[in-house]
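Look for subunit A in each of the two complexes below; its partner is subunit B in the first and subunit C in the second.
What follows is the complex of A and B.
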């Protein structure tokens, strides 16, 4: 029983690391740009396919292909986001939400058209785990947890210690006032997209390293990533980290009491309950 | 009526003329008219690997019979459509074959969903349909005895897994089951069958498709170290499950169906991960003259062995050709139906190739066709009894270890 609990906890943390990389960016986008970007998890997919293209198709060693794949995803994803969300003469939360659904459809189908629907894997040999009692983790899985934790901490430093971070937080609190005080809102918005897409793309590469990649991988994560962001208090990156951990662990722990086929309900139920009783989220302002 | 009598007479005469032309043209052509066969196989989609081999086998049989002079002098002409492993595309293809090509028989549907969708079209046109699908629903179709299958039925497969587990010496089993009708059916029937051969279920998990990770389910199915783990899913989830299983380092032996643990699967997980996995699939009737003949033709044309599904395709066209021959060249649905069991079932001289069978059937002698895939004896429901192969994945390939005879399943049911 205890060893089962430990195993579920390890699995939950691993999944939470991947969710957090998506949810933090999503929450940041929501706070600053004030709309729910449904296409955000697809940036993870772009990162995963970027690394696949460079490693398997171009033939770069994976150590190079992974960071360059993230760069490629940023090079594609950021202009796309700028074009679709910042440059179109549309404002309003609902309009941007609907545009983002369209962006998601276009991105997924372009990848589907280019790479096909097959499951793809990186040409990196699968690893055997290190075993400490009930804890079983491969080197890549440890790397995943460390990188996710490190990046999330880096976002924290950026938000608290830099001028850009102050502007982003100010935009999230009061965009009009922020612009009046002379902050370069447009540049801050560009920075926001770069941060969001980078985090998501890293998450996608780590996802592919541990699991498999396919065009719908981002779409399949929409519910858990959104619930992590919403439970944590959407617009609040710290809440998103905590929300990811809550959803990841909650889903796994729930299998102790309910059949595991229903564990995906946990994410949905958490989101629904939260929106009903505490819409600003557990850590929302 | 604005049409005057003269033009009406002209019209009537013209119509009669057309009828006369049509019948006049048809009468002398009858002896030369080809036997039109509609091949409806999956060349794309989930069944593509198998459909391609089947289409090749149909072409090889048609070629062989045509070179030997055809069926009572009638050549076989194949019309091929891709059913895309998809019922919609299957119905479109079948309609085209029936309405435009006016085929005398349909054959090759692989997915049960496609077979069930296409069957009404064949029945309405009163032509036989030969499939390789496994759904029990196909046996119960109100098909006017026109739908035949050469594959095993899915409901016997849990018994086959139980025997396979016994044969590899497993006393305990885990189950890793996809949450859909096929997976749940297996989960509900396997424990009983495994119990009958003295086995015990040690752990199980049911999972949904498209989960980002299957770690906790794998732990639940394999945590108690069962001797064998039954995999009840498809290729895409199989690839993810096996990769995560390997990364968990839990060890153990997997067992699963051939349609999931196929070449695409082995490619997806890598030969190292798939090594030692037990695969259960229908086995060709490799001792028969039919299989030997097919394999020789197949090797010469494509440089590889003919597998189970290609062997079934060979049998489809062979029994139809023999039935038409027994009907003295009559290729109507009624004639094929009336003669199918006459040529395929016992009693009679055992035959397996066109060269063996043709002289006997032409003389009106009774033959019993023993096929490349099985004995091909059709029961009242149009089903046959197929043997099973127990394969192991070794070095990235299936290697046949044992054959499980259909009759060995009887004590389990």
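What follows is the complex of A and C.
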């Protein structure tokens, strides 16, 4: 029982790391651009397929393919986001929300068209887990948790210690006031997309390292990632990290009492309960 | 060819019911429902299960409508107070949750195996004319729903719903119970979706959770946007145009080599995505908002 609990906790933290990489970017874009980008988890899928293309199809060693795959995802994802969300003559959260649904459909199905619907894995050597008492972790799992933790910490530093971070936080507080004070809002928005897509793409590659990738992997993460961002207080990247941990652990621990096929209900229930009783989220402003 | 035409008209009729439901919710009231397919699925499954248990089709349909209305009130009371984007995400999540349940509650729904051999009403009354009779029944249902929606849109109820859509604060200031009116519109749309689901289940005589993906919702959104949100007549011709075009593209694979069914399906989804974007941006949207 104890070892099962420890095992679930480890898995939960692993899932939380992946969710956090999506949720932090989603929360940041929601705060700054002021709409719910349903296509955000699809940037994870782009990263995963970027690394797959470069490692398996081109034949680069995975150590090169992974960062270059993230770069490729940024090179595709950022201009796409700029075009769809910043350049179109559209205002209003609902219109942008519908557009993001369209973007998600287009991206997912172009990948499906190109790569097919098969489940794919990276060609990386099998890992023997390190064992400390009841804790078993492979090198990839440790890498995932460390990279996710490091990147989220880097975003924290960026938001609190740099000029760009100050502008981004000001934009999410009051965009008009921020622009009046002379901040370059357009460049900050570009930076926001770069940060969001990079985090998501890294999350996607790490997802592929631990699980299997398929064109719908991003879409399947829409509910848990939104749940993490909303429970944490949407617009607040720190809340998103905490929310991801809550959802990741909650989903895994729930399998102690309910069948594991139903664990996704946890993410939905957490989001619904949170919106009912505390719509701004646990750590929302 | 004639059979194919009848099939397309039947599908259009069923899809129009779905579009009318969404149009009552978004076009008339401004509710951003991204989980429309959930109520369609509830109608289909309730009707299928009850008729297989020996009840008449109309009872099954009524049960489907009841279940859908209950579900919409349950979802609505908890979420309709929220901002529109939260409402959109939650309804979307609800429809995915329902699909998860349909896939896993094997005792009731047989999961991914689906429910086969659902009885088709009006079969055998006119030898060789089953399809035509069913099409006629669907068209009658569609006509009734359309008349109901038009009458409602012109009634004081419809006027209040439009007022809430355009400015909920003002409606509230006039003493309207905004939440109750939104719930009414949400439940009405859900009921129409359930009727569509029931008609679909008895038409294809086979339901499986994979038929109820969010793509159905967004397809319906596109049909509504083509016809112009808020216009009941637009819901009919928008749906007819969309279904005709997308069904027509099924023949592309006979003409263009190297495109199999999966790739064609992917391309069709790309087209729906692009269509949603382009229509949202460039088609004049009658729904003006203050924010």
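Convention: the second predicted complex is superposed on the first by the 285 of 285 C-alpha atoms of A that agree within 3 Å, B and C clash if a C-alpha of one lies under 4 Å from a C-alpha of the other, contacts with A are read in each partner's own complex, and residues count from 1 in each chain.
Convention: a residue touches a chain if its C-beta (ideal position, glycine included) is under 8 Å from a C-beta of that chain, and two chains touch if they have at least 3 such contacts.
Nothing here was measured: the structure is a model prediction, and the numbers come from that model.
In the superposition on chain A, A:261 contacts both subunit B and subunit C. Contacts of A:174 after superposition on the shared chain: neither subunit B nor subunit C is touched. In the superposition on chain A, contact is made by A:11 with subunit B only, not with subunit C. Residue contacts after overlaying the shared chain place A:162 against neither subunit B nor subunit C. Contact with subunit B, but none with subunit C, is seen for A:211 once the two complexes are overlaid on the shared chain. In the superposition on chain A, A:279 makes contact with subunit C only, not with subunit B.
Legend: residue contacts after superposition of the two complexes on their common chain; A:186 is shown touching neither subunit B nor subunit C.
Among subunit B and subunit C, the chain that touches a larger number of residues in subunit A is C.
Shared-chain residue A:35: touches subunit C; no touch with subunit B.
Within the superposed three-chain model, A:98 lies in touch with subunit C and out of touch with subunit B [touch as defined at top]. Common to the subunit B and subunit C contact sets on subunit A are residues 259, 261, 264.
Listing the residues of subunit A that touch subunit C in their complex gives 35-36, 38, 84, 88-90, 92-95, 97-99, 101-106, 108-110, 112-113, 116-117, 222-223, 226-227, 230, 259, 261-262, 264-265, 267-268, 271-272, 275-276, 279.
Note for the complex: subunit C touches subunit A at residues 32, 34, 78-79, 82-86, 88-90, 92-94, 96-97, 100, 103-104, 215, 218, 221, 262-263, 266-267, 269-270, 272-277, 280-281, 285, 289, 291.
On the side of subunit B, the complex with subunit A involves touching residues 179, 205-208, 210-213, 215-217, 219-220, 223, 236, 239-240, 243-244, 246-250, 264, 268, 270, 272-273. Those residues of subunit A that touch subunit B in the shared complex are 4, 7-8, 11, 14-15, 18, 118-119, 121, 125-129, 131, 136, 138, 141, 207, 210-212, 214, 216-217, 220-221, 224, 252, 255, 259-261, 264.
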